[in-house]
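Order as written gives the chain letters A, B, C, D, E and F; numbering starts at 1 within each chain.
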Amino acid sequence: MDDRPISRFPVPALAHLPEDLRARILAVQEKAGFVPNVFLTLAHRPDEFRAFFAYHDALMEKEGGLSKAEREMIVVATSGANDCLYCVVAHGAILRIHAKNPRVADQVAVNHRKAEITPRQKAMLDFALKVAVDSASLDDADFEALRAQGFGDEDIWDIGAIAAFFGMSNRLANLTSMRPNDEFYLLGRLPRDKSRS
Amino acid sequence: MDDRPISRFPVPALAHLPEDLRARILAVQEKAGFVPNVFLTLAHRPDEFRAFFAYHDALMEKEGGLSKAEREMIVVATSGANDCLYCVVAHGAILRIHAKNPRVADQVAVNHRKAEITPRQKAMLDFALKVAVDSASLDDADFEALRAQGFGDEDIWDIGAIAAFFGMSNRLANLTSMRPNDEFYLLGRLPRDKSRS
Amino acid sequence: MDDRPISRFPVPALAHLPEDLRARILAVQEKAGFVPNVFLTLAHRPDEFRAFFAYHDALMEKEGGLSKAEREMIVVATSGANDCLYCVVAHGAILRIHAKNPRVADQVAVNHRKAEITPRQKAMLDFALKVAVDSASLDDADFEALRAQGFGDEDIWDIGAIAAFFGMSNRLANLTSMRPNDEFYLLGRLPRDKSRS
Amino acid sequence: MDDRPISRFPVPALAHLPEDLRARILAVQEKAGFVPNVFLTLAHRPDEFRAFFAYHDALMEKEGGLSKAEREMIVVATSGANDCLYCVVAHGAILRIHAKNPRVADQVAVNHRKAEITPRQKAMLDFALKVAVDSASLDDADFEALRAQGFGDEDIWDIGAIAAFFGMSNRLANLTSMRPNDEFYLLGRLPRDKSRS
Amino acid sequence: MDDRPISRFPVPALAHLPEDLRARILAVQEKAGFVPNVFLTLAHRPDEFRAFFAYHDALMEKEGGLSKAEREMIVVATSGANDCLYCVVAHGAILRIHAKNPRVADQVAVNHRKAEITPRQKAMLDFALKVAVDSASLDDADFEALRAQGFGDEDIWDIGAIAAFFGMSNRLANLTSMRPNDEFYLLGRLPRDKSRS
Amino acid sequence: MDDRPISRFPVPALAHLPEDLRARILAVQEKAGFVPNVFLTLAHRPDEFRAFFAYHDALMEKEGGLSKAEREMIVVATSGANDCLYCVVAHGAILRIHAKNPRVADQVAVNHRKAEITPRQKAMLDFALKVAVDSASLDDADFEALRAQGFGDEDIWDIGAIAAFFGMSNRLANLTSMRPNDEFYLLGRLPRDKSRS
């Protein structure tokens, strides 16, 4: 068991949280079986917690041209590029579950060029990684490469915005030394996990 | 006049926006005399708009150990490191106004080591820039350097979180090729602007 | 199942291999339950295969001041820095088994500063990573930092030589697009694996 | 007012300067209304002062295929890439005046891809920035890209030589911590400045 | 005469070496007229010495589509990129002898784009340098560029494996501060050296 | 013999040059026995030629705290960092002659940390290389490190200004693909060259 602190900063007790935060956290716990540490870490700042998860849900829970697995691929690939332990481990688990593939998260975290993904998904990650590591150089050719794979403008916004949002999230996790929950490391790696997705 | 598009993506007409977005935009226009393009660009996605400005306000409008000018310094310095035109120009204007200094924004955008700032502010920007460009390498020594300048834990969270939030904002602006309003370029550069702060 | 090719280059049939290579491969299969793809990929060049594994064994199977888990930590951390999928996945499995810790491989692959390791191990990985990514800048201070943690000269050679050897190995795996065996992804992640070490 | 020293090194009194330096400085003061600090900083070394301004004038005051505004664009873009405060601020002013555009200097200093410039000027700055940050990689394709925009060999020499000369100038300004004169920050930003060009 | 230590680590006396190492060293001395310091440095670890030279010979002494001069070009170019003094100086000498060209080693060590080599050799070095400095980004287009110059798969393996092997060798030399023998600096620079190849 | 063009740009015939350029070139030829190609390449632009060599002489021919060998060390080390073939080869020759050491140029071009130089010279090159590759980060600690080795302010200006000037020179040589004269490769490598210094 990893018994290091969850965060460099104070972590509030559930009982002391505003009602809406506590409700959200209990709902997550009900669904996942544990409370991911990002909720406890960010609860130190309730207003930022609310904005963070509102933004997260707007990008990750919506319908659209990208599947849930594809959204998580973007998270894992860009978090790997930003060397963010929490996000690679936690979203790696979610990616394995949505993709029903126990290997793909480790693959895109290390090198998406060697991953079991489609050419369309590789183009998507090429763009997302450029947003993550060199957004100032984005130009028309980058947008054309996505359109050539059938992505529309709304998809492109999603790809770029998810990469941008986790650019923030990765920095917050590195700032707080946010510790991944032990549960994430194994989630989605065993056949029985398939029933979770 | 810069008459290029405000954004690579569609920009909705004010009349078609949800009421809360329109109200926020009209309030900004009332105060500033124009509508900063970030509001129009992000209005393409109302839910993301709401989360973005809720987060922004939670970090930038709060009380705390950092002055308003110092918060804006973090924005301008990290936006310079990320080569984000919109944020350098728009927040440069806000920084000039709050700092009552017509030069400091250009200075921290180019090289904070050569800026008219205090050693405490230089340490603050050193930390913010590490969050912006190499957050994975943050370690205890970086936190000690801030504490040695009198920053408390809540200040450090603020510094890091502002750098992280604008890490996202810079990437969104580069993704959308967000155009700075002409007004920002001159704001805070003339003596009469002092009355605005 | 990942059914992509094992290597960009031809992979010889076991029956066509020189006797010593076949014997080595069968011995590994006997012990591990499968043939790691690095053996099949490098068998394309028998002389290089022999030299590679002789070197590997000289560094990784020897006695000395570094535990087996520590040697594998060096492999996983430097392979992460070199974005080498095969080595992160395969040696991640071996590290989990030797360290009897199902999390530590993912941790050092992404960011050793956030890993459940001792300060001595952190210093070891700092040095190994400098060998991996900026060996020309090694100077006396780097050696002093290891000696301050109790490492002797033979340990330092081991740390540096393992980082150097996997600098080669990572490049060979990236050259050949060497595919990690499916088995590695899960090895050492479950309690029952503890009996393997 | 920025009342920090002009330079880390001694700044000679005008009265003690060799006659030719004093004459040059007085002529500049007559024209600009103030003495740009680069003249005072470099006057510490009269022979280097003479060579520096002879070189500067040979590149910047000549006739040729590049307009004065285009020459200054090269200076501002490469000085931005080199994080040189003095050159961004001082040549930003000159660029605004020559281009009769109060925004373009801030734009090319931060990110020329987002600037109000022509495709020809963008190609010019792409080349200049490659000279500034990675000149060893220049190859035929870079020259072809300029020729495709109608630049002749003499223009290409000019573009490359200006980028090279300010590569030196930026390093001298960073070495000496050369302080931009307060006047530069506002020059060319107001309508009445149009009469100056 | 450079009288600094050969290595940061102990260098064994010839008399104390295992017979096979001593034989190899004496054979080299017989042929070259001196003992290159890499033999003495690595002799500190006899098993690693044996594996290192077995690997070296498998890659550098074999027949195949690459000439001896071309193999050494790869060594010198990648060692230059890795800032490895021993390898640039020692293999620079061997390259001059095999290429019968007293200039080409200095050229490829500094910048292969400016070297007296064929377009085919430039493509070979482009690929080798990508293996050396960014192997994770290798993709199909890199292989196609070599095939377009007539390289077959076995040649490509050779190019990549030599770059990978010297990736290790450069790191070992930087780790040990391996000193180049004085003799190497001049070898192959004079007309009479032509008779050596 | 390297019979490639001297420069990508036109090289004027000696007979067509202005008298002062021709005189300078003939004087160099008289002294060196050949005309270094930098003179012919830059003669394409007489005014720039004059300024370039006036600047060069002001920095390299002056008296002061740095020996001629030390000045050339700065040139060779920074030219190595900038991958400039002409400057490494031509100034490497001059360094060998002044230092009366046939090895030191190759050493500082590849890695000054491994060169036969004094700790004072290593500090000098550390500073020069920071000017060459990251001048924006120069701060007080860099100046203190030089003062701790006994360098005065005039020496520091010299070190920084030489690094800056060759920052320009390297870029001009890379722009023009300036070819080193064959003679430079061997100069200063043989005992008899000692008489030249």
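Going forward, contacts are C-beta pairs under 8 Å (C-beta built on N, C-alpha and C of every residue); 3 or more make two chains touch, one makes a residue touch a chain.
A quick note: this is a predicted structure, and the numbers were derived from the prediction, not measured.
Note: the chain lying farthest from chain C is D, by mean C-alpha position.
Superposition on CA atoms relates chain B and chain F by a rotation of 120 degrees, given as a multiple of 5. Same-residue interface: chain C and chain E share over half of the residue numbers found at their contact.
In this assembly, the C-alpha centroid of chain D lies 44 Å from the C-alpha centroid of chain E. Between chain B and chain D, the centres computed from C-alpha atoms are 28 Å apart. Measuring from the averaged C-alpha position of chain B to that of chain E gives a distance of 51 Å. Residue positions of chain C touching 2 or more other chains, listed in rising order: 83-84, 111, 136, 174.
If touching chains are joined by edges, the resulting network of the protein chains shown has some other shape, matching none of path, cycle, star or complete graph. Interface note: chains touch in the pairs A-B, A-C, A-D, A-E, B-C, B-D, B-F, C-E, C-F, D-E, D-F, E-F. Residue ranges of chain C in contact with chain A, taken from their complex: 2, 4, 80, 83-85, 88-89, 92, 102-103, 106-107, 109-111, 114-116, 174, 177, 179-180, 182, 185-186, 189-190.
Contact residues on chain B toward chain C in their complex (touch as defined above): 136-137, 139. The touching residues of chain B, counted against chain F in their complex, run 111, 113.
On the chain E side of its complex with chain C, the touching residues are 8-10, 44-45, 47-48, 50-52, 54-55, 58-59, 82-84, 131-132, 135-136, 138, 143, 153, 157, 160-161, 163-165, 167-172, 174-175.
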